[in-house]
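Have a look at these structures, which come just after this line.
One chain, subunit A, links the two complexes that follow: it is found with subunit B in the first and with subunit C in the second.
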Partner chain A sequence: MIAELPPGLILIVGALLIPLLRPHLRPYLMLALPVAALVQLLTLPAGLHAQVDILGHSLVFLRIDGLSFVFGLIFLIAAVLNVIYGWHEDDPVQQVSGLVYAGAAVGAVFVGDLVSLFVFWELTAIASVFLIWASRTERAYRAGMRYLLVQIGSGVILLAGVILHYRATGSIAFDRLELTGLPTALILFAFGIKCAFPLLHNWLQDAYPEATVVGTVILSAFTTKLAAYALARSFAGTDMLIWIGAIMAVFPIVYAVIENDLRRVMAYILNNQLGFMVVGVGIGTPLALNGVAALAFCGILYKALLFMCLGAVLFRAGSARASDLGGLWKSMPWTTGFCIVGGASISAVPLFAGFIAKSMVLAAVAEGGHWIVWLVLLAASAGVFHQTGLRIPYAAFFARNPEIRCREAPLNMLAAMGITSLLCIAIGVYPAMLYAVLPYQVDFAVYTASHVVTQLQLLAFAALAFSILLRHRVYPQDVPSINLDSDWIYRRLLPAFVDVYRDGLRMMRFRAIARAQVRLNRFIAAVYRHHGPQGVLARTWPVGSTVLWVAVLLCVTLVFYYIE
Partner chain B sequence: MIAYHLPILQIVVPLIAAPLSAFCRRAGMAWYLALIICAASFAISVALLVRVLDEGHISYLLGNWAAPWGIEYRIDAVNAFVLLIISGMGTMVLPYARVSIADEIEPHNQALFYTCYLLCFAGLLGMVITGDAFNAFVFMEISSLATYVLVALGAKRDRRALSAAFTYLVMGTIGATFFVIGIGLVYMVTGTLNMADLAARLQGLEQNRTALVAFAFIVTGIGLKLALFPMHLWLPNAYAFAPSAVTVFIAATATKAAVYLMLRFLFTVFGTDYNVLGLTLTYMFTPLALAAMFAASTVAIFQFEIKRMLAYSSVAQLGYTVLGISFASVTGLTATMIHLFNHALMKGALFMAVGAIVLRHGAATIDSVRGLGRTMPWTMAAFVAGGLSLIGVPLTVGFISKWYLVAASLESGRWPIAVLIVLSSLIGVIYIWRVIEAAYLEKPPEGRTAREAPLSMLIPTWGLVGANIYFGIDAELTSRVAGAAARLLLWVAP
Partner chain C sequence: MTDDRHKTPWIERKGNLTWIHRGLWIACAGLALADFFYHKHTVFRIEEFPAFYGLLGFIACVGLVFGAREIRKILKRGENYYDR
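So, the complex of A and B:
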């Protein structure tokens, strides 16, 4: 049984022990947990483990195959990096919720049935919201509430889909699903919410930047990648996803351009990166799925790296807004360097992690003959480079804004960023390392002349465009502002609509409550009359009347039998 | 040799030890004796259960008199399981009882307490083990008379224990009388008192008026003993005013023995050929069980004293037990049998925790538990765990019971009952929560010094809590035995 202990469970159970320890010992346990889970994962053989039969259904808590292995692996690596990055943080709420959240995500990756998936799905939502609330501001509280509503909603829709699916097919296996009717459509919708499909995406940009410095880094790794995994597992090769993914890859860039808060810019870019994965899932060939897995693997690393850098900036300089920052390269040289590595990785510069993953997806798109999508993705790549490769480092570290003086990031943050940067470069230089753990056999040569040249051309022209735009001040100024996104509909329009009818609604509500209250009081009074301490049913009866009851019961029984 | 005589040793050992312990001057000696005897009894009942599961039923003839004339002890999976519950709980209570009894009973009565305890213990075991109807009555009287005394011993703490014992005596005697009238009537018709023999001879007498009247008397008599709603009125006071250790013991065992007799007479002696059986189950047991589940639980919500509250909860739990009987299916009877075991565990743990509070504070009311979450953390944690089990939270035994009950009701096609089972569990949440709220969320009153309960009480309490969780996770053993018992009762081949 111990041998079959799911790695996710190690994190969840272990996390609950954290508050019991002295504060200075906690980080050691926190580091030990994901490392232990990693060891456990590496020792487990492929196949189904930890099956539990409950109520006639077989729940599989541990299914290790190529796809789940690579996602579980990167989740655990990310958990290790997060712990190092958050070493200085002495907040048990964040410590526990961060690890439970990671554990839930790892748990969800390894389950083999939809019911357990639902359980972990909801657990990720509940655990992660505390990372947002841990900012302890009113804004964060409200954003967290909205986040929780959306996430729990996704879980409920998933559950509804699973139940309908079970009734239709009698199976709760978490495997490939055909998008044929309402049940699977609901499941896809639930995955889509968590994966931040277009128009379902607002929770991401809303909530992630409100979390704590460490919290945002943790959040960036798990939820959406879990959704990408679920999509790859269940809906690989669903054509619809190609187009959804293409839209997802483009539209966040537009918002990113005009956004001022750099962490929010990253949230949009994160969304765009998911678009690449969704396209890959939609194509669904082994090459594409390999690309998805590779992209998730690298994506978690370089996005975490960028969020870490911005977090370090926020931590030291007190702001992550482009309009407040600039010239930090003198104060924070290391962070600047790591940020450039992260930018290069996400922009898919050759010899960095992003390149080897994105090339696979692009090659799969080209192989499938989806030329329009290919062009769209290419354009999106240019946009990404432009935003994260150039603008974020520029705005934060080089722009000639008021010169801010601050100290370099703490050692633990630097260590986490350094390790992540190393991983990004190592994977870029030795892609075979990553290709070895991908779910399907890889016969893909990434460093071909055409791949490299295409990518370099793209990058060169994007850089050129950025410089020209900046030079001629055509580029949108970094000013504090608020972007209107589709969440305006439910955050402003609907409440405004309700406002109009507020008085009427309020009256109705008052009356309904008053009426219900009167009824409830009457009901309680009646119950109390009979069941209360002096009620008929509760008071101590004289012996005589008790005996009478017995006699009555006997007589009734006898008469009854007699009639029979 | 000894193995052959185990059935009689099960009874004779505690029965002989009882007068011996009356000679003990000091309570400590009597306690040691009782503990050794009960532990031996427990060992015997484990051995018997193992043998029964291996070999089928054991028939032991007292003094080698042949069966229908002499008294026969007949042990099968059904009563071996109940024997295990009674002897197990009887043994668990003793280490707990020592401190509690020393505090709650006058010193000169303490040695006699153990005498009565052993008598009651022997009587309950005898009721269950015997295969002779009249012998069952005799043992029922032995256990009941001892119980009246045990309840009355609570008078040092609260004089109302005397009137509670008196009411219990009157009601218990009426129940026993009805039972013996019923036995007399069937004896009139069949000329035999041996249960197996009765079962054979009652075949074909389904229309016999005398047999039917006997049936009514026996069902009402045992119903009174097992506190079938609305004949439960003796129970809350008896439980509330008895010394804490006695409450734990009788709550966990006395009604269980009565339920066993009910099952025996309904299914083994009369059998499903009697169509009055089906009628009784459908028109009497089902509505009364449902009424008990709701009315008694609701009363429990408004109770101020926690012992009384748990006593009403016991009435509700007996509702579940009877509900299982009323399905007359293998799953339903499995639910009943397993709930006998599980309810003993959960109520044992709860009453033990309450007893520890009584020891430290002189009373256990919603008022006196305020803030106890901090001053008596282990006791209150045990109460919470027992409460969760009572409610039926998964991973506790309560869940297993409810699960079988719901399964039985769905199997019989009466799904509204399944809904009612779940609803009534929710009422349990309310009254358990009242205690938890007072203990954990309210501040203790000023100037109260309280210590945690002594280890001798905590260890048995947590032993039961552990059992609640262990058998809630691994229900293999209990459900196998309960299932075998249910099939035996319904004459279904395994």
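So, the complex of A and C:
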């Protein structure tokens, strides 16, 4: 049984032991867990393991094949890097939730059935929200709540889809699904929420920048890439995804340009990178899926690196907002260097990680003949370079005003950033290293004159555009502000509707009460008039008048009697 | 003057920024000319246009910034917009 222990489970169970240890011993256990899981993964043979039969269904907790291996591998590498980056952090909440979250994501990658997927899918949501709440501010609490609602919602929709799918086909296998009816549409929708499809995306930009310094780095690796994996597993070759991905690759960059919080800028760029992956899944050829896996692998590294650098800036300078930052290269030279490596990697500069992955997706799109999408992705790559390769380093480290003085990042943060930078460069220089673990046989030459010169041309002209815009002061100023995004719908529009409705109801109630009160008052007044102290019916009559009335009645009776 | 040169780091001297800017122009011109000296592997005909990738990158970035400036006018709110 030990031989078949799922690597994710090592992290989840091990994480629960962390609070029992003395604080100074915890980081060692935290480092040992993902390393042990990594060793376990490398010793497991390909195939299906750890199958459990429940109620006539076979739950598969361990399916090792090309696709799951590469995602599991990078998730565990990311977990190791996160532990090093968070070594200084003595907060059991973050330590436990960070590892349980990573374990849940690794667990989800290796399952072979949709029911187990649902369980791990929800576990990633629940474990990760504590990384946001760990900021311990009112703002983070609210953002975490919104994040949790969206994530749990995604899981519930997934479950609904799985149940309907089971009723329709009798299968719970987590494999290729055809988008033919409601069941699979629901499953795709659930994946789409976690993958931050357009209009379903805003939980990402809303919540990630509110998490702790370490938390944001951890969050950036798992949830969205798990969704990309699930899409690649089940919906490869679904045409609709090509267009969804193309939109995803473009519109977040526009937001990134006008966003002031640099960690939020990165969240938008993360969204854009997912767009490239979704396009690749939509193309669905072996080259495209290799591109998706490579992009997820490299993407986790360089995005983590950039979030690490911005986290270090937030940790030392106290802010990650462009309008507060500048001139940090003197105080934090190492962090500056690592940030530039991250920027070069994400911008697909030759000899850095992004180049060897993005080229594959672009080649697959071109081979498929989708020339509009191809143009869109090229333009988006220029935009990414513009934002992450130029603007983030410029705004944080080189802008003249204000000049921030602070200490360089702690040693453990520098170590994590350094290792990640080395990995980014190593993969860029020796792509064969990564190509060896991709799901399909790689028959792709990345370092051709054509690829390198065209890419350098794209980047150089983009840099020239940045320089010209900056010199002519056309570039949007970094000012403290936020921008409305799709979260406005559920943070302002829907509450406004509820308010209107609630106000309407309240008005109706007030009016009804007021009307009833008027009627009641009238009734009381009438009773008072007749029965009150001066009322006709409440008067005390003298005996004489009674006799008089009796006499009158007698007379009337006599008159009637006489007439008859 | 010489004293000042020692105090101000290289990258912050006004003249050097201009040199970086000029360097970019030269690099772009060089890379554009390079297009004529190698076999460009193309899939679409539009790629054969000289310096196609460079022009696309330039136009995309300028378009992006101008587009974002316009969109910002509609979307920009104060930092405490949602906290009110």
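We adopt the following convention: the second predicted complex is superposed on the first by the 502 of 564 C-alpha atoms of A that agree within 3 Å, B and C clash if a C-alpha of one lies under 4 Å from a C-alpha of the other, contacts with A are read in each partner's own complex, and residues count from 1 in each chain.
In the analysis below, a contact is a pair of C-beta atoms (placed from the backbone, for glycine too) under 8 Å apart; a residue touches a chain by one contact, two chains touch by 3 or more.
The structure presented is a predicted model; accordingly, all values stated were derived computationally and were not measured.
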Partner chain in contact with A:19 - subunit B first, subunit C second, else both or neither: neither
First (subunit B), second (subunit C), both or neither touched by A:449: second
Partner chain(s) touched by A:181 [first = subunit B, second = subunit C, both, neither]: neither
Which superposed partner A:533 touches (first subunit B, second subunit C, both, neither): first
First (subunit B), second (subunit C), both or neither touched by A:374: second
Partner chain in contact with A:561 - subunit B first, subunit C second, else both or neither: first
Superposed model, subunit A: greater residue contact from subunit B or subunit C: C
Partner chain(s) touched by A:495 [first = subunit B, second = subunit C, both, neither]: neither
Subunit C contact footprint on subunit A (complex, rising order): 139, 253-255, 257-258, 330, 366-367, 369, 371, 374-375, 378-380, 382-383, 385-386, 398, 400, 448-451, 453-469, 471, 474-476, 480-485, 491-492
Of all residues in subunit C, those that touch subunit A in their complex: 9, 11-12, 20-21, 24-25, 27-28, 31-32, 34-35, 38-44, 46-47, 51-69, 71-72, 74-79, 81-83
Interface residues, subunit A side, partner subunit B - complex: 527-528, 530-533, 535, 537-538, 540-541, 543, 546-547, 549-550, 553-554, 557-558, 560-562, 564
Residue ranges of subunit B touching subunit A (in the complex, touch as defined): 166-167, 170-171, 174-175, 178, 212-213, 215-217, 219-220, 223-224, 230-231, 233-234, 236-237, 275-276, 279-280, 283-284, 295-296, 298-299, 301-304, 312
